[in-house]
Amino acid sequence: MTWSRESKLNGFLVLLSVMAAWELVSRTEMLNPLFFPPMSKILRSFFSLVFSGEILAQILSSMRRAAAGYLLAALVCIPLGIIMGLFNSVYRALEVVIETARPLPPPVVVPVAMLFFGLGDGMKVFVIFFSCLWPILLNTMDGVRNIDRVLIHTARTFGLSQGRAILKVILPAASPQIMTGLRISLAITLILVVISEMVGSSDGIGYFILDSQRRLKVDQMYAGMLSLALLGYLLNQLFLLFSNTFLSWHRGMLRSDK
Amino acid sequence: MSILDVEGLSKSYRQAGGESTLAIENISFQVNEGEFVSLVGPSGCGKTTLLMCMAGLIAPSAGRVVVKAAEVDGPPRNLVLVFQEYNKSLFAWRTVLGNVLFGLEVKGKPAREAEEKASYLIGLVGLDGFERHYPWELSGGMQQRVAIARALAYEPEVLLMDEPFGSVDAMTRLELEDGLLRLWKELGTTILFVTHDIEEAIYLSDRIYVLGRRPSRVIQAVEVRLGRPRNQLTTRADASFMELRNEIYKQTAPRLSSGW
Amino acid sequence: MSLSNHERGSEVKSSGRFNFSGLALFAALLLLWEFSSRFTPAIQPYFPPASRVIHSLFQPSLARELFGHLLDTLGRFLGGYFLAAAMAVSLGIILGYFRFAYSLLEVVIELLRPMPSVAIIPVAILLLGIGNSMMVAVTVYACAWPILINTIDGVRNIDRTLIDTGRTFGLGRWKILRRIALPAAAPYIVTGLRISLSIALILVTTSEMVVGGSGLGFFILDEERSLHTSNMYAGIVVVALLGYALNRLFIAVETKAMAWHRGLTARGML
């Protein structure tokens, strides 16, 4: 969703004026500076938190949990999704269980996870794992199902065994949709790591933001949110880089279709 | 010597209502080593079903297919099928070279040797310089040439082709026909070519089996005694070409003169 | 390689046929839960027998309590969701149609979008306290994003000829927006609305957990903390049913409202 350089310029001007207005409104106490500390103070707090390494430590502990849950979900769901896509009987057998668990909003899994894992990392990893399951699983299955029959026959006419056909043909052919699932789950991961840290944790970026609010260190709260936004942006870019490298053929194909 | 024997092949499909329909019935024919043989028949006569059975992709309901004295009960190692839908059959995530290398990788050829072989075949189908291109960057005719090169790199003794030129424009089609004949002469692979275009079948083949309507069976075997190399202008203008064409037309489309 | 499912298309939903193996597995898991819990009292604090969960669901006192929480949650959900839809669709149409308006907000949007929306909860607590308005506000904020982004995309992808057709009929800009841009972008808007449906439920339950007081999110967390495990599971069953019902309702409405679009897609016109 980008237009032109000129529109970016406009946008930055607006952003700067919003920040300036914020500063002004806060300094003149038109809005309660307790809730809206001056922008300069927020930024100062942000930089001092960054340079003291405190934010980084919080983000690192969040990221550790996020990565564990996310990768675990991918590791389980991609193979399972492929199997479900290939064998309809497996899908049918799991269908009722999946459709029962899927409408559950992931945050309510937090208390269950707390019951089993306490307040430690295990709880967060489980919650993230659970909430990432569906997009990866169902997109992988869909991707496999949508592979054209001709492609499968091609693999077979070259004498590929089932195992090698999965690695050499099915997995790459379904990879664009698997990637879609992974992208959706990435956003969900970030949301759930924050939620689980807000509800039951003593560190991590989610905890840090909520805790700053409770202790009325409002500038720190905003600084935490800013770093969370930056983290989200960075992860997204990283993912795009990764998927563009692996799926460059697919992007080209989509372009040539137009 | 016959390399491919189809003996009494039938295939029926079960339909939604539970009853079964016969797609092909009691088909028998032979292809000799090094021959170029075509199967022609009206659209929807079960040609694709027949090919699938021969390629070991589906099991026949009765009868059997024998390739080099071995009965087919799965995709045979020495036979490859080329599909009409090149855009679906090529691996979009592999380059031209990668596609052609595919069969060689499956066979476990050493990388070096495989690459030489692939380059040779890419040259044979006239695509040198396109090795690093992706299939979707090429025209339809070029894509089908990649598919053919990929199949031939696997070094099959029998090449089955399912209306391979059915989705390209008329000019490209003529080029592809001549290209295929050159490859066939160069490599000596036995080719079984399925088409619904009678003239194409005559132009390419040593022999033609004509299939009837559903459930189809072989209604005629036609020897094509036209000289080689063939030429799009002179061969197609030959009197015996016309004669063969008319003969087969009468067999497959008896209602041709009466219109709809 | 099994390909029996190939023609079934990509829609992931039940085929409507009676799914014996699926129900059998589900029942088997329930029975496993029931009996492993009954015969191993040690795990009962974690896994009370399924029958006990079902039993507590039907106890009048708990049922009444749960129903009250359900109403609270539902009210917050509906308020947040519909407010977000109204605001995000109108803003999205304007931003999608008027390039200049978008250029002004682009950087702000791109800055806020990657932030996980739940992080707004502390700010909302600070500004709005811990009442309903705070929970509705965070729901509105989070739900607005997918709807906004999809609406902008949808309006941008409208075929130029459609707008020009409106012009030749002498429609003014606002009429074009309402009469042409809105329906033409509807398929995108519906996608946004579908995504936001689950997001709304996430935000409502999360904020209920964080600030407490009432609602299913609060109930579930509270019962966990007081180790009333079977009540906690009962709450989870209710949330799942709510999520399921909302989803079905959405699909039903969508099927009715978007019939023209499905017809178009089925005929290969899109």
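Think of it as A, B and C in the order they're written, each chain with its own count starting at 1.
One rule holds in what follows: a contact is a pair of C-beta atoms (placed from the backbone, for glycine too) under 8 Å apart; a residue touches a chain by one contact, two chains touch by 3 or more.
Because the structure is a prediction, the values reported are computed rather than measured.
Enquirer: Point out which chain occupies the most central position, where each centre is the mean of Cα atoms.
Expert: Per-chain C-alpha centroids compared to the overall one single out A.
Enquirer: My parser should flag the chain pair with the most contacts; which pair should that be?
Expert: After tallying contacts for each pair, the winner is A-C.
Enquirer: Just give me the whole-number Å value for how far the CA centre of subunit A lies from that of subunit B.
Expert: 48
Enquirer: Roughly how many whole angstrom separate the Cα centroids of subunit B and subunit C?
Expert: 52
Enquirer: Round to the nearest whole Å and give the separation of the Cα centres of subunit A and subunit C.
Expert: That gives a centre separation of 17 Å.
Enquirer: Note the residues in subunit A that touch 2 or more other chains, in rising order.
Expert: 156
Enquirer: Enumerate the contact residues on subunit A facing subunit C in the complex.
Expert: Counting only subunit A, the residues touching subunit C are 1-3, 6-8, 10-12, 14-15, 18, 35, 85-89, 91-97, 99-101, 103-108, 110-112, 114-116, 138, 141-142, 145-146, 149, 152, 156, 162, 165, 187, 190-191, 194-195, 198-199, 206, 209-210, 212-214, 218, 221-222, 224-225, 228-230, 232-233, 235-236.
Enquirer: In the complex formed with subunit A, which residues of subunit B make contact?
Expert: Where subunit B meets subunit A, its residues are 52, 55-57, 75-77, 79-81, 83, 85, 88-89, 91-94, 102-103, 105-106, 134, 136-137, 154.
Enquirer: Quick check: in the complex, which residue numbers of subunit C touch subunit A?
Expert: 1-6, 8, 10, 12, 14, 19, 21-26, 29, 45-46, 99-100, 102-108, 110-112, 114-123, 125-127, 149, 152-153, 198, 201-202, 205-206, 209-210, 216-217, 220-221, 223-225, 229, 232, 235-236, 239-241, 243-244, 246-247
Enquirer: Hey, which residues of subunit A end up touching subunit B in the complex?
Expert: Against subunit B, the touching part of subunit A is residues 148, 150-151, 153-154, 156-160, 164, 168-169, 172-173, 175, 249-250, 252-253, 256-257.
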